[in-house]
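In this document, chain identifiers A, B, C and D correspond to the written order of the chains, with residue numbering beginning at 1 in each.
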Amino acid sequence: MTMVANLSDKMLVPQPAVVVGRTQESPSIFTLKLRLEDGAAQAAFRHSLGQFNMLYLPGVGEVPISIMSDPEDQQAIGHTIRAVGRVTNRLAELQIGDRIGLRGPFGRGWPIENMKGRDVVVITGGLGCAPVVAVIHYILRRRADYGHLTIIQGVKKAEDLIWRDQYAQWNTHPDTHVMVAADEGGPLWPWHIGRVTDLFGRIPMQPDKAMAVMCGPEGMMVVSAKMLAEHGMPEENMFLSMERNMHCAVGHCGHCQFGGAFVCKDGPVFSWPQVKGLIAHRGF
Amino acid sequence: MTEQRKSLTLKVPVLTRVEGEGALDLRIVDGNIEELRLRIFEPPRFFEKFLEGRHYSEVPDIVARICGICPVAYQMTAVQALEKLFGVEVSPWVHDMRRVFYCGEWIQSHALHIHLLAAPDFFGCNSAIELARIHPDVVRRGLRLQELGNEIMALFGARSVHPVGLRVGGFHHAPALSQVKILRQKLMDAIPEAEALVRWTSSIPLPADSQPFVSVALKHDSTYAIETGFIAASDGFLVDSQEYDAHFAEYQQPYSTALFSAYHQQPYLVGPLARLNLSQNQLPENIRKLIAETGLVFPNGNVFISMAARAVEILFALQEAARLLGNYAVPDSRHVSVRPRAGIAFGATEAPRGLLWHRYEVDEAGLIKNARIVPPTSQNQARIEEDLRLSLLNFGLNQPDDALRLHCEKVIRNYDPCISCATHFLRVNVERSSS
Amino acid sequence: MSANKSAKPKVAVHKFSSCDGCQLALLDMGPALLDLAEQVDFVHFAEAGPFDDQARVDLAFVEGSIATSEDLARIRLIRENSKMLIAIGACATSGGIQALRNYANGMQWAAQIYPQPEHIDSLPQSTPLSAHVKVDFELWGCPVNSTQIVGFINNFLLGVLPRDNADKVCTECKRRRLPCVLVSRGIPCMGPVTRAGCGALCPGLGRDCYGCYGPAENPNTDSLTAQFRRLGLSPDDIARRFKNVNNFSPAFREAAAKAGGTHD
Amino acid sequence: MNLPLGTLRFLGFHKLHELFGELQFRGYRCMGPAIEYDAIVFRELASAKELPRGVQAEQSPGQFRLTRDPRNRYFAWANGPQAIKPFAFAPRESLWQVQRDQEGALKFEPLAPQPAKTAIIGVRACDLAGLALQDAHFLKPPYPDPNYEIRRKSLFLVAVQCAEPAATCFCASTGDGPTPQSGFDLTLAEMENGFVISAGSEAGTEVLAALKLEEATPKQVQEAKEQGEAAAQKQSRSLPGRDLRPVLMNNLEHARWDNVAARCLSCGNCTAVCPTCFCHAEMDEPSTGTGESLHVRQWDSCFNEGHACIHGHNVRPDTRTRYRQWLTHKLASWHDQYGRSGCVGCGRCITWCPAGIDLTEEIAALGVNA
């Protein structure tokens, strides 16, 4: 009993934040730019890539949402959100000027510094996955600092791929390859039909030095990690972002436990060796 | 003057501000009432059947569901009937606290009836919410009293609708002294409010509409009867609850899912006015004085006075509960042990709306073989129709439709009919002949 | 936020076969009822006065079970007229205590009871609303309490549905720091299979829960039945535990049938 | 005047009321054992006279029965359903509130509890061990929980050595009892006509000094020691004290999980009575028409539906995975988190499980030998 906590600790009680920008990315996905109302707090806000905030709708509830904006952007905090349920559907109705609560940043993010100079493989599945998109943006903005960038996305059906233009646009960057696979293709589907893992043989990388960042359905990440290992990537170079139920975000409420780890503070980004023992087990 | 109307059919498809759903059909032909029906169409709920095969200990939780507004009445009548059959003597503490518990229901139900159901009629309002715009203090006072009634019930039963504290043999739980002290203080503080309520209800101008009828209620020689007494009628009749059947008969009308009831072949009144008509001299001194002061007179043949009668009973129930809680102590035991015995159990108590009668046949294992429950609204049904006829003639059949309709509703609401109670399932003793 | 604050939401309260107890969650609120009436517009609430059973509304709270053919037509109309339909109470969510007649031949009962059963309009079964129309939210309990209804309205005013809580009564019992009476008194508490919401009223009085909030999520009625047997209950006793206020909910119905016994 | 920590004194039964008096004089309300619904719980006691003397309890899986203690002692009962947990980690409390004004501006305000200073009399060694684990969890930097901390600091703990462990106790095997070792302000060992008493904190030594007691005789001290050892010997259940990570985590698909799931009610009673379980849920309670909302937290359990929900998917939808989460967290992953097992051997989850599930038996059935 040594620490005396400051009651108004911004990490435990939300601070008012105002919506300063809003973009509809797809019918159900939108991006909010938020600014803490307290100017000093906004100026002091620092996060690292892969961390998340708790966004709070008064009277409704709090949800964990990854921070999308560039860590060097101090004007606003960006969040790309998919409207899926009670809180996020309501967040989708926010307009510029509206206020919500925000606390954060929480958790451990991507080892972005360690990736410098290396080939990077980004693997995501299902619908667009915010935490890795932030990595893509980050690298593309500092293109010269990184080696080959391969973006691999798997979807079930061709129509599930959102941001088609975005993928096409990423593909135009130097040393950047976008590979998309759909289990079921469709007319004018320019990419692979089949499983994502079919594409692994074609990743331009120096496997022993490359790093992988993954986010998406856990089953997909498990298969991807195994395949990458088969292609020669050391397990400790693979990272993934996990999602679990979260209420407090500071390791107290117990909901996000994954074995001995609290995803909120020990993650959400983990290295593959940290999680590989349990991730395949239904129930953890 | 409007000319004498030839014929009129008035239908009120759903009576508002009554508990449960019923309708009124009125047909006037050539200045005569050809048809007048209080039509209760709620589907029957067959409670007596549900009770068959149940253990006696389950009865309080089941019969409560007959009515959300007066569950205590059903629970109390049932447990007392069963205790009498089983030869169970409850402790004085249980006895007193049950009366307090019952007072809570009277306060709650009466305050609800006055403010949410009946009073708006007398101010040309459609609801208490509208009435609150004209008389906010009156309505708030009424709702506070209602809340207090709920609190008393919750003290013993954890909630006021379908409370869970009563059992055959006593209570499940005794509230802590500290809780009782706080509540008692609130009751004391509310007494002046209840007095003001009596004054207010008695100051509301009422139609002069005195009618001859028999009042039936429980009567007790030393207290104002609530949970115990003999069944009495204003014609001097007095019997034990066991003999109810010999004097009261139920019958069906094709338009109603609630049975009608007759006392010696005639309609009769049960409820607060009937009680005051029979037992006003059992009220404490100060209440009788207040009654005299306000000009209220009992016995009274004007059923419109029922609202004031309820106010008087609220005051009485508050005082009575406060009195009984005065020397409260947590008892050593909250209930006595019960050993079932085969036989027939009878019980009667005064539900807020009037006499409630139960009869259970029980086997030696304590399982219910059959049950009969006669709720107050069934008993009032015939009287309501009779009143409507007399009252309409008195009011004048040539009044505009709306006025007629409103008058009928007003008359019906006086009785605070509870349709949920009435249709809990109904049963008549009819001789069925089969060929 | 974008919620349209200009118009108060229109609310209807309807009643079907019931004891009226669930509507009391509103009528028993005390003066707070008047404050609530500031936030929403009760356009139909027969027991409280406002009558407009054909009104188009944002929220319809419906008490009672469907028991007559007339009920059937009425609930369909209410569904059509309501943006959101909320079933309140055991009657509306599981058929209520009157669903006990579903186990017998209801019409036969009517014949035993009424001299002229032909005047009684009664469907063969008493059923929950969800058997006939789409229900947007269910508030369980016999009766529901004001916290549930007002909580629903408060959430609705914020543009969301409340979080559903289908945890067991035990969770509330333990938060109240009550000793478990099943363990300390050996009485057959239904808490472990019953949905939370009442605040563990019965164990709070030292007695057993009798399941009036209906089945909880993931209820292990088999295990509880086994425990009741160990406490000395007969198959009949056990069947009756489940055949109570929420007898027609699938979980309790099945448990009662499995318990065996002769009670019907 | 303080005494050196560990000084042993003797408090005769006739002086027990002085302990209450001294604590009350120092502004503590005294919480002690009381009988409620045929169980032993902690309630505020006005004086030592209200202690239920001569009460004992027989405990077995799913059953708790009060009995008479032939020796008429004060603390012959081993433990009741409640540990210290609810006093520090409230079952339900508001954390903060928010107010939205007409213009839509938000104001957040933390809500700090203001607990009365509370002395708990009759704390057991297992409870102290449990509290130490809760401290480790809630007070861990960088975000110590302020509400927990405030409540925790309001406590003064009077521990009692267990002389009569229940049949469900196994604290000896986990190394947490039956004699309190640390974490208390005062500790008592009940003897024939009084208590050997000593202090474990500054606050405790002050109270002890103020009581002006005789020193305990070497004989009394020896007897107390032997009583503790004998109590440890009496325990019939046990749990391997070692790290069970390897065995449990290698048996995640064992058939026993299905077997226990068939019996488990998934009611969460075990987690509620456990002195170490810390899971809680947060939620919001908007009020009507005022723009105000409370942010509340309350005890949650890994046996509850919402514990592991993520959108459109429940990570632990069934009892098998929920029970496995509970047992593997308690006995295995706790080692990763706090360097030891999360079980302190109090046996509460065994007694208070309405289905009588016994974790020591489950562990054995999973093939783990003591």
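Operating definition for what follows: a residue touches a chain if its C-beta (ideal position, glycine included) is under 8 Å from a C-beta of that chain, and two chains touch if they have at least 3 such contacts.
All values derive from a computational prediction rather than experimental measurement.
When the C-beta pairs in contact are tallied for A-C and for C-D, the bigger tally goes to C-D. With centres set at the average Cα position, the gap from subunit A to subunit C is 42 Å.
Averaging C-alpha coordinates per chain places the centre of subunit B 51 Å away from that of subunit D. Centroid to centroid, with C-alpha atoms defining each point, subunit A and subunit B lie 65 Å apart. Centre-to-centre separation of subunit C and subunit D, using mean CA positions: 37 Å. Residue positions of subunit A with contacts to 2 or more other chains are 58-61, 98.
Subunit D has residues 104, 283, 285-286, 300, 306 in contact with two or more other chains.
Touching two or more other chains at once are residues 1, 154-155, 158, 163, 206 of subunit C.
Taken as a contact graph, the chains fit none of the simple arrangements: neither line, ring, star nor complete graph.
Here subunit B touches subunit C in the complex through residues 14-21, 41-50, 53-55, 58, 61-62, 65-69, 71, 108, 112, 116-117, 120, 125-130, 132, 136, 139-140, 143-144, 146-147, 150, 157-162, 164-165, 167, 172-173, 251-252, 254-255, 257, 418, 420, 425-428, 430, 432, going by the rule given at the top. Listed in rising order, the residues of subunit C touching subunit A in the complex are 1-2, 154-155, 158-161, 163. Per the touch definition, subunit D reaches subunit C in the complex via residues 36-39, 41, 62-65, 80-82, 86, 91-92, 104, 262-269, 272-273, 283, 285-289, 298-301, 304-306, 317-319, 351-356.
On the subunit C side of its complex with subunit D, the touching residues are 1, 32, 35-36, 38-39, 150-151, 153-155, 157-158, 163, 165-168, 170-171, 174-186, 189, 191-193, 203, 206, 217-218, 220, 222-224, 226-227. For subunit D in complex with subunit A, the touching residues are 95-96, 98, 100, 104-110, 112, 135, 137-141, 143-146, 149, 152-153, 249, 252, 278-286, 291, 293, 297, 300, 302, 306-312, 315-316, 320-321, 324-325, 328-329, 332-337.
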